[in-house]
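Chain naming follows the written order as A, B, C and D, and within any one chain the residues start at number 1.
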Amino acid sequence: MEALKQTRHIGFWTGIVFFALMAVLAIALESSSGGNTWLRTLNNIGIFTALALSLNIILGQTGLFNMGHIAFFALGAYVTAVLNSVLGWPIIYTLPFAACITALFAFVVALPVIHLRGDYLLVVTIGISEILRIAFVNDIFGLTQGPNGITGIQRIELFGYRFMSQFAQFYLIWGFVAITACLFYFLEHSRFGRALNYIKYDEVAASGNGVNIVRYKLIAFALGAFWAGMVGTIYAPFIRTISPGLFEFKESVLLFAIVILAGGGNIVGIVLASFLLVGMRDVLTMFGDWSMLLFGLMMVVIMIIRPQGIMKPRRRQYNAGHLVGKFPSGIGKKAGLSAGNQAEVVE
Amino acid sequence: MIKKTMLALATGVSLAFAFPAFAQDVRIGLMAGLTGPYASEGQDTKRIIELMIEDLNAKGGINGNKVQLVIEDDGSSPGTAATAATRLASTKVPAVIGTYGSAVTEASQDIFDEAGIVQIGTGSTSIRLTEKGYERFFRTAPRDDEQGRVAEESLNKLGFKTVAILHDSTAYAKGLADELKAQIDKNGRVNTVFFDALVPGESDYSVVLTKLKSANPDAIFFTGYYPEVGLLLRQKKEIGLDAPIIGGDASNHVDLIKIAGKDAAKGYRFISPPLPTDLDTPVTKEFLASYKAKYGTYPGSIWSVASGDAFIALVEAIKAKGADSEAIADYLHNDLKDVQGLSGKISFNEKGDRVGDLYRLYEVDGDGNFVLQPE
Amino acid sequence: MDIFITQLSNGLAIGSIYALVALGYTMVYGILRLINFAHGDLFTIGAYFGLTILVSFALQGNVSPLIIPWILIIMAAIGVAIIGFLLERVAYRPLRNANRLAAVVSAFGASIFFANALKLIYSPNRQSYPADIINLPNIPIFGVDIQSKRLIMFGTAVLLMALLYWYINHTRTGTAIRAVAIDQGAAKLMGINVNKIISLVFIIGPALGGAAGVLMGLFYGQIHPEMGFSFGLKAFVAAIIGGIGNIPGAMLGGLLLGVVEAIAGGYVSGSWKDAIAFGALIVILIFRPTGILGERVADKI
Amino acid sequence: MSLLSLQNVIKKFGGLTAVNDVSFTVDEQSVVGLIGPNGAGKTTVFNLITGNYAPLSGTVTFRGQVINGQKPYKIVQQGIARTFQNIRLFQQMSLLENVLAGRHCRMHAGLFASMFCLPWQQREEKSAVERAMQELAFVGLDAGYDNEAGNLSYGNQRLLEIARALATDPKLIILDEPAGGMNDQETAALTELIAAIQKRGITVLLIEHDMNLVMNICQKLVVLEYGAKIAEGTPEEIKSNPKVIEAYLGTSDDE
């Protein structure tokens, strides 16, 4: 765990405790009589958490307004569905294809529009996801079976074990979320992650310091799509029948809201926001006709209460304290510029 | 130590989530679109089933056991339906009635199948629902290929030589459009001069109507749902397109007249299973009377009535074999023969499809009534 | 050729509605840099207000059919303006200084709220305006019979746009609106009451949206609680195509989008119509990154 | 041989000629000042060198290579670093991370190495942090390395930008009004810092309005007016150049 020595990783350990607690919760739910419904809700949350984490790379970390992320998810799910139900591949073999095709798609469509500013990129990504959805509806290349969608998708099988019950899939989905969170956490704490943030805060300064903006933006897009594609692979056997109706624009909005609500790309915030929004949407159905009205109201209220998001953007912590005062200064003591202001800086 | 804590946690949580259970009651699931675009269908369905259960329980239930209904809202959308189905599955009901909309039904099929629950679809006519080999899926609605066959038959009988086929890209309408086209191509009695879709939920269909005008067909067959039909009829009149529109069974809804206006709706024809009010068996008449007495109106369409058929079939099966999914499925496949339902006699074939000839031709008169045409 | 002109008129008519809704988007965006996704639902509310007024005051038959539209438009516009004003106060003003996207999420929340409130009040079923309120003859243009309602819609949209354009560019308040759009801080220093100006924009924009809603109901007939979502999205696309923040741009974008849809639906395929419209948007943005009439903003380095 | 040379560089914005046929050279290890009235096109010249703009015609040569038309990130890699007139720090990030931005172009860890924490990536990260701390110490800001850059005083923000630029291992550092907004004491310290930079073997090109500072530290001055070069020479030559005096003071009959 060399990685843990470089920097102070409080968030990392929070994550481990969180996922351990989740595992216990699942066992508890499995052994209770109505627990299956709750497991399904948790699994839904898990899917959205993984998706939101992938969108976070694009929107939260790089600051690219992508409001069509559901398209990548849809494409991954469709690739898996076609390979599995038409060609009969086991689900697990479709994973790399779903991920790579989705990443390639994202790369190709992002290439001509990556230079667009904020809101213009936002509307273009909406357009891309709608075009893709319409293509699915219209049975493009005769592969997607139109509005009916693709049915009869098998369950995931790993080492001879079939993930059928909600309980089994819980571990699959949340295991994936845990791995995702961990890898993205490392990524965030690296040259790569910092470069994405530089672009988010100031493109001109980032490029003036040697960051190849177009390249990083495209990689961010492709990486987010790659991951969303993998989540699609997990989702298709989870829901068994996929159709274009599952991937409407509203789902993109929900994802977007999760990332914004999380606050500045914070991973812990993403998990909390997923629980809050997706969980709330599921739980509120008990209010029947009033459920969506309440959901909309809650969205407004939550944003007003926490306009900066649930969590603050957490600054990376570096283990550099021991280096203070070790290196020479180019400014003599008599000048006093640094000395005088140092006090103010340190407070 | 850790094991102990986990156990304690598990027990605590499981207590919190436990449902109260009444062992002697027979529980039946209902999945219906109580919200969303097909909400009026879903609400009717819920009323019908609730009324029938009330009746049944007043008469002593099934073999002395009261029937209890577990309702989940599928929101008229596939995504919500999958969640609703899982909820129902986790309540361990032996059988579920529902739902309206083929795509919505399809999203729930796998989940019920995996849980071993018997499902009886009501307003789901898409062919492939019963082509997947699920042993516990049934439906009281007819299939689209049957409807396609009757549609081609009717077009021919009405003397149309060229027809434009229009659908709305939904699972059901696209399926029926494809089926109709296949029938037309097979028989060669009518020509298809136009085949395209509109986007449902829009307010302006003048573009597609103009396009239809230029295709100049004898008749337009629209396979979509009643709100679009209403609007098409209304705007067709404004644009001066004379070819009549003929519709499929999804246009069988009284709201059609409200949207189109009586003038524009006059002369509109559609094929459909008989309307609730055209059902003339004593069982049905009695039921409709009590429905009217309770809710002040008749059910809006045949599809909610078809859910009543599903309920009747289920009750028969449970009466004979008990509330066990496997036994119910077996009974429905093999032993249920010509039981008197609300919309006619009920039997199922080996695929789970309803046996029998249901479709009729209807025409709207000047007062906005749906009039059954003589065969 | 006849068919082409008819399709063009179809496109311009629906495009006029897009344009009116887009005006509201563009004004709010110009002043707050906020994409007010609830704007489409304000449009829907306008349509429902119109219907309610029509039915509850039993206008039909008692008032001349030539006056009815104006009564409905004005009353619905006032009603929606009040809601727009409240919307800004409740859902956006507390987020004025927060992350721009927080307000966008809040707007989505408001949008969901409005659509579902309408469902609860009016039922989720579709409603229709009576079919026979206004019966006007068709008017021949270039030898093609054009429905006069198309001309009325187009004319109303152009008129409202022109009025708005004049108001923004030739009145004191209009100048203040432009000033706030350019620099809120400086405008404040010049003694402009920024809050008041923003409230005003949230009155004008929704009023136009409400008017568009009534036109929609009157001339196309059917309304339903969720139509604002797709209409709003289309109108937003229209505003972007034209160059968001630019008033003639919104008009141009709306009409262009309507025509592109009509041509795509009429000559390619109804099922690909929306995909083609979005495709056109993307192509336009690739070549004009800030829309057709949008200003190119260079980064000051 | 000169480190950097501009030959007949022209840049237009619409109808406006911002830089009109400018040529000058910067010798290795020297400090060169670019001066002129506001709006003379000084910053535009900088942007042409750093690749933010591409010249309409003319060439920019750095270490014998033509660099105009290249993207800024490539030019940084070749050894030209800059600061900005209107400070462009990553306000929400820490001082250390700002300086690490400068290290970016000298590091190699990509997506995979970063995601899977490969050992060499960890070593690279560690040495980058050390080097960044070294630059922070060089401008005297190392003690507050973990603070948010946006909270620094104006003068210190300028110093942080210099540290960030130095972290890119530049051969040439371009400073755009480094003393802007500084008080006398701070300016004195800056003068010292620029001398120290020069001592490290790094060439300095700067825009500055503070004539004391410019005359003190520059070996050569280039004067621009209305986008064109009007003079070039040592501080003494420039001081006495009538054209320069006119440009700065205006002709006597011009109110």
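We take it that a contact is a pair of C-beta atoms (placed from the backbone, for glycine too) under 8 Å apart; a residue touches a chain by one contact, two chains touch by 3 or more.
Note that this is a predicted model, so its numbers are computed, not measured.
Student: Using the stated contact rule, I'd like to know whether A-D or B-C comes out ahead in C-beta pair count.
Tutor: A-D
Student: Quick check for you: compute each chain's CA centroid and the global CA centroid, then name the chain with the smallest gap between them.
Tutor: Going by the distance between chain centres and the overall C-alpha centre, it is A.
Student: Counting only Cα atoms for the centres, state how far subunit A is from subunit D in Å.
Tutor: 38
Student: Would you kindly tell me how far, in whole Å, the mean C-alpha position of subunit D lies from that of subunit C?
Tutor: About 49 Å, centre to centre.
Student: Hey, how far is the Cα centre of subunit B from the one of subunit C, in Å?
Tutor: 37
Student: Go ahead and note the Å separation of the Cα centroids belonging to subunit B and subunit D.
Tutor: So the centre of subunit B lies 73 Å away from the centre of subunit D.
Student: Hunt down the residues of subunit B that sit against at least two other chains at once, touch-wise.
Tutor: In subunit B, residues 35, 169 touch at least two other chains, as defined above.
Student: Of all the residues in subunit C, which ones touch at least 2 other chains?
Tutor: 119, 271, 274, 301
Student: Residue numbers in subunit A touching 2 or more other chains?
Tutor: In subunit A, residues 137-138, 204, 289, 292 touch at least two other chains, as defined above.
Student: Once bound in the complex, which stretches of subunit C touch subunit B?
Tutor: Residue list for subunit C touching subunit B: 3, 6-7, 10-11, 13-14, 119, 123-126, 128, 130-132, 138, 145, 147, 149, 216, 220-224, 226-227, 230, 261-262, 265-267, 269-271, 273-274.
Student: With touch defined as at the start, can you tell me which subunit A residues reach subunit C in the complex?
Tutor: Residue list for subunit A touching subunit C: 65, 112-113, 115-117, 119-120, 122-124, 126-128, 130-131, 134-135, 137-138, 203-204, 249-250, 253, 256-257, 260-261, 289-290, 292-293, 295-304, 307-309.
Student: In the complex of these two chains, what residues of subunit C are touching subunit A?
Tutor: Touch residues, subunit C against subunit A: 29, 33, 35, 90-91, 94-95, 98-99, 101-106, 108-117, 119-120, 229, 233, 236-237, 240, 244, 271-272, 274-275, 278-279, 281-282, 285-286, 289-291, 297, 299, 301.
Student: In the complex of these two chains, what residues of subunit B are touching subunit A?
Tutor: Subunit B residues touching subunit A: 6, 9-19, 21, 34-35, 73, 77-80, 82-83, 86-87, 89-91, 102-103, 106-107, 109-111, 114, 126, 128, 132, 169-171, 174-175.
Student: What part of subunit B is in contact with subunit C in the complex they form?
Tutor: The contact residues of subunit B facing subunit C are 35-37, 39-40, 166, 169, 196-199, 201-204, 206-208, 210-211, 213-214, 227, 230-231, 234-235, 238-240, 255, 258-261, 263-264.
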